[in-house]
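Before anything else, here is the set of structures, which you'll find just below.
Each of the next two complexes has chain A plus one more chain, namely chain B in the first and chain C in the second.
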Partner chain A sequence: MNNQEKLFQAFASALNIELNQVSPELTYNTIAEWDSTAHMILIAEIEGVFDVMLDTDDIIDMSSVAKAQEILTRYEVQF
Partner chain B sequence: MYWQFPPEYHPRIAFVVEQTCYTYSQLQQLIEEAQDKLPGQGELAILLCSNTLNTVVNYLACLQKKVPVMLLQRDIDEARLAKLATEFQPHMLIREADYHLTGYTQAEIDPRVAILLSTSGSTGTAKQVVLSYDNLQANADAIAQYLPIQDSDITITTLPCHYSYGLSVINTHLLKGACCVLNNDSVVSANFWTLLKEHKISSLAGVPYTYEMLAKLRFHQKEYPHLKYLTQAGGRMKHEILELFADWSGKYNKPFYVMYGQTEATARMAWLDPELLRQKTGAIGRAIPGGQFTLINDSGAPVIEGEGELVYEGPNVMLGYASGRAELASFAPQSKLKTGDLARKDGDGDYFITGRIKRFVKVFGLRISLDEVEKVLEANDVSAKVTGKDDLLYVAIISGEADEVRNFLSKALTLHVSTIKVMKLDSFPVNANQKTDYPALKQLFEESQGNV
Partner chain C sequence: MSELIPEDWFEMNPFALNQADKEIKMRQTLTSLHHHHLQHCEAYSNLFSDASMDSLEDFPYLAVRLFKYLTLQSIPQEQVFKILYSSGTTGQTPAKVILDQDTSRRQSKVLVKVLQDFIGKKRMPMLIIDHPGVLKSKDSYSARGAGIQGLSMFGRQPIYALNEDMSLNIEVVQAFAETHKNQPVLLFGFTFMVWQHFLQSLRKSENALNLNSGILLHSGGWKKLEAQKVSNEEFKRVCRKTLNIEKVHNFYGMAEQVGSIFVECEAGHLHAPIYADVVVRDPQTLKVIDNNNPGLLQVLSIVPGSYPGNSLLTEDLGSVLGVDDCLCGRKGKYFQVLGRLPKTEVRGCSDTQA
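== the complex of A and B ==
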C-alpha cells in the first residue's frame, strides 16, 4: 500500500465509510460520519499509521482529505 | 431573576453572534418582540435549540412570559420529535424564527413548571426532567457564588444549551451581567479557535470529552493569557487527562473547577475547591451553597462511615419527571434527590464518587441508559442485553447480525461505531435468580477484547 492508499484507508476506517467514498475533496462536517468525535478518532488513526505527532494547528486545519495530505507532507510523509 | 435584567446591565453586552454584539437592552427589546409570537402564559411550547440568538431570545421570552418550554436539540430526529409532540401536546413548536401552532388545545399545567429537559441521549424515551422557576434561579445563584464570574467576563458556548450544563453557563452569565459568545462549533474546529482569540474569552466549560479533545490538541501546553478559569462537569474525567489540566492550572495559576451535577438537580450539586485539585484529584468536593449531601445504605438509613448512595437536598432539586402532558398538571416535589451514584466522604467533608447504582454509561459525554438501549433494540425486534463502561457500549445478541446491530445503534444513538461492541452469544448469562448477569456479561466482553 502506498501512502495515499494508507491515508484513504485511514479515513475510511476512522469515519466508518466505504473506501470509494474517500476522495481528496471529502471535507469535515459535510458528511454525517465526519463530525468532531470522528475527527479525533481520525487524528489518532493518522498519527498511528504515519507515526507522526500532529501540532494543534494542523489538527484543526485538517479539514479535508487533500488538506490532510498537504499537512502530512510537512511531516515528511511522501505522496 | 436572571431572565430579568436590572437597569445597570442594559448598556452591557449580553451576547455576541458572529460579528454582532447585542446589549442587554437590545436583548430585552428582542425578547419583548418574541413574546408577542409566543403562546399565552401557562401554555406549553417546544423550543428546538442551538446556540443562536433566536434560541436564547425565545428561551428568555418563555421565562419572562411564563410559558413552560421543553428544550430539545435543533437537529433532533424527526420521529423522536413527533413522539414527544404526541406525548406532550405542546401548543407551539418554535424553530429559530418560526413559530408553529400545533393545533393542540391547552390543558392545565402546574404554574411552577418553567422548563423541561431530557436526561439522556437519544434513546427514544419521552421522560423529561421538569424544573421550576425557583430551581433555575436557585442553581444560578449558587453557581455564581462559587465561580468567579465577573460582569466583565466573556465566555463562549462550548456545550449545547438544551443540555443542563450548557444552559447553566448561559444562565449564570446573564445573572452576573456578563457576556456569552454564541458558538456551535466543536473545539476541534478552526472557527472555535478564531473566536477564542478574537473575543479574549475568559472561561471555558467542558465535559470530560471536551477536555480529552483539548488534551489531544495539546491545549495544556500553552497559557492563553485572557483565560481566567476552566470548569468541568458531566461525568468523571480520566485520571491522566485531569492530571494534565491540574498541571496547567498550577503552572499558570488559573483555577480549574471540577464539578458534579445532574439535570435532576437543574445542573449543579457539588464543586471542588480548585486549591484542593492536586491534593484530592478525582473528588467532587462539597455541596454547592444552599445544598446538602448525605449518604444512605440499601435500606435508606444514613451511612456515617464508608460508602453509600449519594443523596442531595437543595432548592435546585427538580419538581419531578414527566412522560406526557397529563403528568405536568401537578407536582409533589421531593426535597431529596437520590443520585444513583455511590460515594464516600473524607475527613474534611469532601466527597468522592466510588461507583454507580443506576445502569448507565457516558459515551463521549452523552448519558446512555443501558436499559433504554435494550428497549430501543427490542422495539426493532432485536433481543439484546446491554452493558458497558464509559466510552464503550457492550451489546450482546442471540439472533441477527452483529454488524447490522452495530450500525443500527450507531445511527439510532448518534454514536461513533467504535464506541459500540456487539457480540453474538448462544444464550445470555443469568445469575442464580435467573436474572441477566450483567457483571458476567461485561467480563465476556473484556476477555474477548479485540475479537469483537
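== the complex of A and C ==
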C-alpha cells in the first residue's frame, strides 16, 4: 500500500465509513461520521499508521483529507 | 460569516497586544458582529440600535440568563449545526446556545491558541477527572461534555479517572501515574469534581501520586468549594501534596462563550486573551467601575457569530487587577473572580453535580 492508500484506509477505519467514500475533498463535519469525537479517533489512527506525533495546531488544521496529506508532508511522509 | 471575523486573528500571539491596540482590533470586529446580529436576530434588534461604539465599554450587553429563556440565533435554521446546553439540572432551566459550523470551528481554534500559551503545542498523555459516560449521549451536547471534548485536543489517549458513580478508579489512576512517571502529563476536570472526587478520594484512601511534570487545568466554578471554605491557594496546596503537581491553572469561561477562556497565569491572575475582554460594572447602577473594585463581570468575545453572545453581563463578581503589567509578562487586562452575585441560581459545570 502506498502512503495515499494508507491515509485513505486510516480515514475509512477511523470514521467507520466505506473506503470509496474517502476522497481528497472529504471535509470535516460534512458527513455525520466525521464529527469532533471521531476527529480525535482519526488523529490517533493517523499517528499510529504514520508513526508521527501531531500537535494541537495540526488537529485544528486537519479539516479535509487533502489537508491531512499536506500536514503529513510536513512530517516527511511522502505522497 | 467568516469574513466578519478575519483569519488574521488566529495568526497572532493571544497575549502580545497591549490593551490599547487590542481594543482597537476588538472594536472593529465586535462592531461588524453587532451589525450582523441586528440584521439577523430579531430579539437582538428589538433591544439595541446601531449607535456607534467608541470603546469596548460602549457595546451593549445581554444578561447571560436570557439564554435560558430565549432561543437567540443569528443564522437561518438550515445552518444550525449543533445546540449546546449548559449544565442545568433539576429545577434549573438550561441555557441554550445555537452553533453553526463557523462558530464551532472558531471555538476550537481560539481554545487551542489560548491554551497553547500556557501548556505548549505538544499533546500530552491525559487524565480526565470525570467518567467516560459524560460524552456518551450525542443528542444532548452538554457544556460539561463540550468542555471535556475541547480539552481532549491537548491529550493523547485520554484516560478517565472516575467510575460512572463518581468513585475514583484508583487502579487506572495509579497505572497512569506509573506509566508516565517524570513525563509531562495533562490533567483536566471541573473544579468541584477534581476536589471532591479526585483529591479528597485520594486523601481518604491515603494515596498520593507523583505527577511532578504534570499540568492540571480545571474550571467550572468555586461556589461549592467556597461553602467548604476551600480557596484557590488551599486547592493548589492539596494538588502539590497529593499529586506533586506545581502547575495548576484554573480558568474562567462559560457555555455562552465557549473557546475564549480566561486562564490563570503563573502569578495567579486570570488573563483576557486578544479574543476576549472583561469590564467590571457596579451591580446597582451598571456603570463601569475602577480597577481593584469588585463588581459584576461583563465578558466580551469575538467568537460567537451564530448567536448574539459577544457581549454578556454575567452574574459573577470580580475585579480587574491590572492592565498590561502582570508579572507573567502577558499583555492586556488581568482580573480575579470573587464569586457569584447572591440570590442567583447555582450554576456551573462542576456545581451541578454534587
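Just so we're on the same page, the second predicted complex is superposed on the first by the 79 of 79 C-alpha atoms of A that agree within 3 Å, B and C clash if a C-alpha of one lies under 4 Å from a C-alpha of the other, contacts with A are read in each partner's own complex, and residues count from 1 in each chain.
Note that in this section contacts are C-beta pairs under 8 Å (C-beta built on N, C-alpha and C of every residue); 3 or more make two chains touch, one makes a residue touch a chain.
In this text the structure is predicted, and so the values were computed from the model without any measurement.
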Exercise. Is A:Ala38 in contact with chain B, with chain C, with both, or with neither (first, second, both, neither)?
Worked result: first
Exercise. In this superposed model, does chain C or chain B come into contact with more residues of chain A?
Worked result: B
For this session: Tell me which partner A:Asn16 touches in the superposition: chain B (first), chain C (second), both or neither.
Result: first
For this session: Classify the contacts of A:Ala66 with the two partner chains as first (chain B alone), second (chain C alone), both, or neither.
Result: neither
Problem set entry | Shared chain A surface residues [contacts with chain B and with chain C] | 29, 35-37, 40, 44, 55-56, 59-60, 63
Seminar exercise, completed: Counting only contacts in the complex, chain C reaches chain A at residues 81, 101, 104-105, 108-109, 112, 115-116, 121-123, 135, 138, 149, 152-154, 156-157
Exercise. Which bits of chain A are touching chain C when the two form their complex?
Worked result: 29, 35-37, 40, 44, 53-57, 59-60, 63
For this session: Over in the complex, which chain A residues touch chain B? Could you list them?
Result: 16, 28-29, 35-41, 43-44, 55-56, 59-61, 63
Exercise. In their shared complex, at which residues does chain B touch chain A?
Worked result: 186-190, 193, 209, 212-213, 216-219, 364, 410, 416-418
